[in-house]
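Following this line, the structures themselves.
What follows is subunit A paired twice: with subunit B in the first complex and subunit C in the second.
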Partner chain A sequence: MPGTGTGKLVRRIAWQLRLVFLFAVLAVLPYLLSYSQQEIAVLLVINVLLVSSYRLLTLTGEWSLGHVVIMGVGAYASALLAKRLGVSVPVSLLLGGGIAAATAAVLSFPLFRMKGFYFLIGSFAAGEIIRLIWKRFTEPFGGPKGLKRIDAFPDIDIGFLSIDFFEPVNYYFLALVVVSASLFVLYRIERSRIGLTFHAIHWQDRLAESVGIDTFRYRTLAFVIASFFAGIAGGLYAHYVGAVNPTRFGVDQMVYVLVWAIVGGTATFHGPILGVVVLTVINEIVLRALGLDTARPLIYGAILILSVLYLPNGLESLAPRVRERVRRWRSGPAATGEGAG
Partner chain B sequence: MDLLWQTAVNATYAASYMALIAVWLVMIFGVMGVINFAHGELYMVGAYCVVFLYAQENFPFLLAVAAGLIFVGLVGLVMERTLFRPLRDNPLGGLIASIGFLLILQTLAVFGFGRRMGHVPPWTQDKFEVFGAILTYQRLFVIAAAIVLLAALWAFLKRSKFGRALRACAQDAEAASLQGISMNQTARIAMFIGAALAGVAGALTAPLVSPTPYIGHSIIVTAFIIIIVGGVGSLEGAVIAAVLYAFVHTFVTTFFDGVVANIVGLALMLAVLVVRPTGLFGAKERA
Partner chain C sequence: MNAPDERPILEARGLTRRFGGLVAVDNFSFSVREGAIHGLIGPNGAGKTTTFNVISGFYAPTAGQVFFRGLDISGRKTSTLAAMGLVRTFQGSTLFQEFSALDNVRVGRHLGARARFLSRLLGTDRSSEREADAKALATLAFFGLEELADEPVSNLPHGHQRMLGMAVALAAEPRVMLLDEPFTGMNPEETRRMMALVRRIRDRGVTVMLVEHDMQAVMNLCDIITVMNFGALLVEGVPEVVRNDPAVIEAYLGSATANGANDAA
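Then we have the complex of A and B:
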């Protein structure tokens, strides 16, 4: 077929245009929102990074129940570095991610001796141990009450430009930049040779091993990279909210991440992002408006069950299905019309 | 010495209800290949049956326990039919769906009874001494009930025809169904018994623990530790691990504190997972 080259180019341009459009929407968005909605938008952006980093881990086929705790490791580390050692916040954010990644590297020794269900339970246990350590040791973790008055992001003030990151709008843009950069890295990793190896390990781990891939090392690598970005998300959270405590990183939060990932669908890069955005919007607009805040876990639970039962490939699989329906529906009447004519 | 002995008596009580909860979680895993994350919430529902019928409506305690048994068993049937049966080929899906179910049960409990601790008055204040250690009749009753129920289960599994069918399904579902054993029927009954046992454990211990809607979390963590340490798929292992864990946990709680005890328990489980993933009593043969 001639013009495959141009077709590719057109598609590429269309894709880039879509991206530009997306960023334009994201740039305008906060100005259309109320103050409290802006705060939610900040958390949403952070959660996008959390769930996307989680997806990288699921690429190797392992489902962890400790990812939110790893996010907490980044949050605690960054907060403590800034609070106790006076490390400036952008640096502490990166170090927090590094400490989360290092924690994952250490945990990978016991955890990756297991697979599937055992890994799930093992990661749960490891996460609970970390959480209980925060709870037990008041020094330096602050015990059950956690850490408060965590240093905020320093204001930028260079004469003509001054940005106060206490304002949700400004923090929204900061988070957006950090998260977009992180997502770009995650995306490139997935498309690289390493990412393809992750897929290979998921679907054919024996075969991957037999062609000389060290599955343990690649699983660890996925876990460490995912944990680094979860740690970054944690740092962004800690310096925005200004307080962290062990409950914030508990199992119920982990369940929300699972719900986002599963409802969105983990087969594609954008699936989990779709999941977290759609569910947050439903949550904030529909539930809050209806005053059903307390019913939130119930509705999440029902959505989780329904999507496991009826939409095992997630929301992102819905679009092609709908498109298929529409196509059939369109061709249907046309075909009968032809027959009548 | 007195403290040691008293702690041992307390640990015996803890072991008995933990065994009740964990044993059938193992069985359900064997028969259906799914780990029921909502098992702790079944315990919680059992406890709230007692809160409602006994503490609020003043029915006799034993009647409330019986109602809890049947009600939670029925909840188990609902779970089997709506979640585990359609997801039989997808164990991870079953587990995740049970997490969804857990959230629903929790929220319903919050709606019905509020977030705060439910208070259940003791049904008897009497207690007696065993060689210097104090044991209340309430706790003794839990221990006795656990022993009777576990013995009955044992007889049921090893002696009755249905028990054999159940074990056959746990060993090899396909071969079992070729022999004319109905998987659906077996799974249904296994799930009913499992849920009912968790419910009874919750109902019996309700006066002793002050239930909250979130109590299931600590229960399921305990149950996981027990079944991993005992070996997934080994009923005997689960009982032994329950006793072992209850003693370790109770002693560490008494001499250090509860949080340290939880850390020790989880670390124990991790260690077992690493060193011997089949569990300490992990059978070559299952169930």
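Then we have the complex of A and C:
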């Protein structure tokens, strides 16, 4: 039986050790990077939350094209709350997530009348309407130029400890804490019965409905939770960069999220995270070194096509394959060695 | 066996469903006694599945009403009806194909395993989830499928998939179960086992309404049979009466598929 007590315990400890190792790497990482790479690392951490929250929605089988706009709703909301109403930034961040979630709750009434392709198009239209509102209304959204001089995270200064969040390293750690906590919540949701229900709706919504699952409510729930965390990602972005505008949350950004998710693979929790990390590293280190970073859309397109053709289940599906290769390679020489001996 | 109650637990009055110009269900009325095994038969295309779809809330009726335990439920949402105790199964193998057999039944326990969002997050739903898992396993065992709990559905043979479909529905603890062609594609041995299971389900206090083409099974199993043709009521009665009714024989002889059904029987 795979579920014996000691086996479970060993696997749990192995898993925890891996997590400790991961956090150790993440803790020393910024000190190995240049200043501009540190800035990229901050955005990467924020994008991890963006793409992971997107995956929660895809569990129900619906793919939205409005997720980046929803991130923008969180960004605008948190920025305006801080700028106009003087709400302190950590609080505005949470409220921004809440407003993004509320926006999703309202949008779910028209959007979840549709499924599949129609939902995709509907979510795109809804997103464009929101962007039009930002562009059209200079008050309070700042029009096409957007919002500038958004309040930064307040410095922490308690005598012996002073942290200036203008420093990318410090903001990196702040984002890391917020994003880790968010990922933990997203993971718990997926592992609970709620996650099972999302999957059930994805695979067979008629059967799910017939045993009492209100599929509309659960689709809305997935959309609202995903949007809350997208809004948090937006707030983290706004208070780091200090400026937001409608273009920043355009459809080209949405395409990047789709590429991260698809190239990484959406079947597992870590797939999309793998996707955004690998593609960002390729983009920022390899392409920049080659002076090709302006060709990003072209190269992303090529990577997407290649991965759909040759790696339909995403980068995540490589891990078991690699493990299998290593296992075979290890047992192979050992077996022949025995034979020779 | 419990004495059948006279009060109808499920009733349709003047039920009509149109698809454009086609009248799939046409001013159809019937009533199902509590504790009965009630057959709904008719040639292919008679409107049986559509009737189930309207009763179970997948389609709104074009006209007429459905009453469940005395309440007008016409046009209510499928999930609401399931919560009230009216659960249907599907023609064919409609299951969560990517899940294990046990996970299918766990989803079926949805209504019985309620918990707050926060307790799901914090994991304090563990005791109610453990209870749900135990009940899901017991439901699998009821169908003799407990050995296959961890098997992915796509690995199960057709007969087991049909049983699992019923297990998912039964896990929702219905008062009335609508079974759409439960014996289709089963061999005689599987059909016999399935018939015994349907009787046991009824003996647990669940009223059963079933659509089936296997005439021998229907005649053996059902307390009462409603025959529909072209969307409308043709005859209703106990099996002996329905079997010998000239209108029924006529309807079945008049349709090509009835020959197949009779051959199979």
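In the analysis below, the second predicted complex is superposed on the first by the 320 of 341 C-alpha atoms of A that agree within 3 Å, B and C clash if a C-alpha of one lies under 4 Å from a C-alpha of the other, contacts with A are read in each partner's own complex, and residues count from 1 in each chain.
Here is the rule we use: contacts are C-beta pairs under 8 Å (C-beta built on N, C-alpha and C of every residue); 3 or more make two chains touch, one makes a residue touch a chain.
Note that the coordinates shown come from a computational prediction; the quantities given were computed from them, not determined experimentally.
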For subunit A, which side has the bigger count of touched residues, subunit B or subunit C? B
Touch test for A:Ala238: subunit B only (first), subunit C only (second), both, or neither? neither
After superposition on the shared chain, which partner residues are touched by A:Ala101: those of subunit B (first), subunit C (second), both, or neither? neither
Is A:Ile70 touching the first partner subunit B, the second partner subunit C, both, or neither of them? neither
For A:Leu132, select first, second, both or neither according to whether it touches subunit B, subunit C, the two together, or no partner. first
Going by the contact rule set out at the top, does A:Ser192 touch subunit B (first), subunit C (second), both, or neither? second
Is there a shared patch on subunit A that both subunit B and subunit C touch, and which residues make it up? none
Quick one: in the complex, what on subunit B touches subunit A? 35, 82-83, 86-87, 90-93, 95-97, 99-104, 106-108, 110-111, 217, 221, 224-225, 228, 257, 259-260, 262-263, 266-267, 269-270, 273-274, 277
Considering only the defined contacts, which subunit C positions touch subunit A in the complex? 56, 58, 77-80, 82-83, 87-90, 94-99, 103, 106-108, 110-111, 113, 115, 117, 120-123, 125, 129, 132, 168-169, 171-172
In their shared complex, subunit C is touched by residues of subunit A numbered 185, 188-189, 192-194, 196-197, 199-200, 203-204, 206-215
Residue ranges of subunit A touching subunit B (in the complex, touch as defined): 63, 110, 113-114, 116-118, 120-122, 124-126, 128-129, 132-133, 135-136, 251-252, 255, 258-259, 262, 294-298, 300-305, 308-309, 312
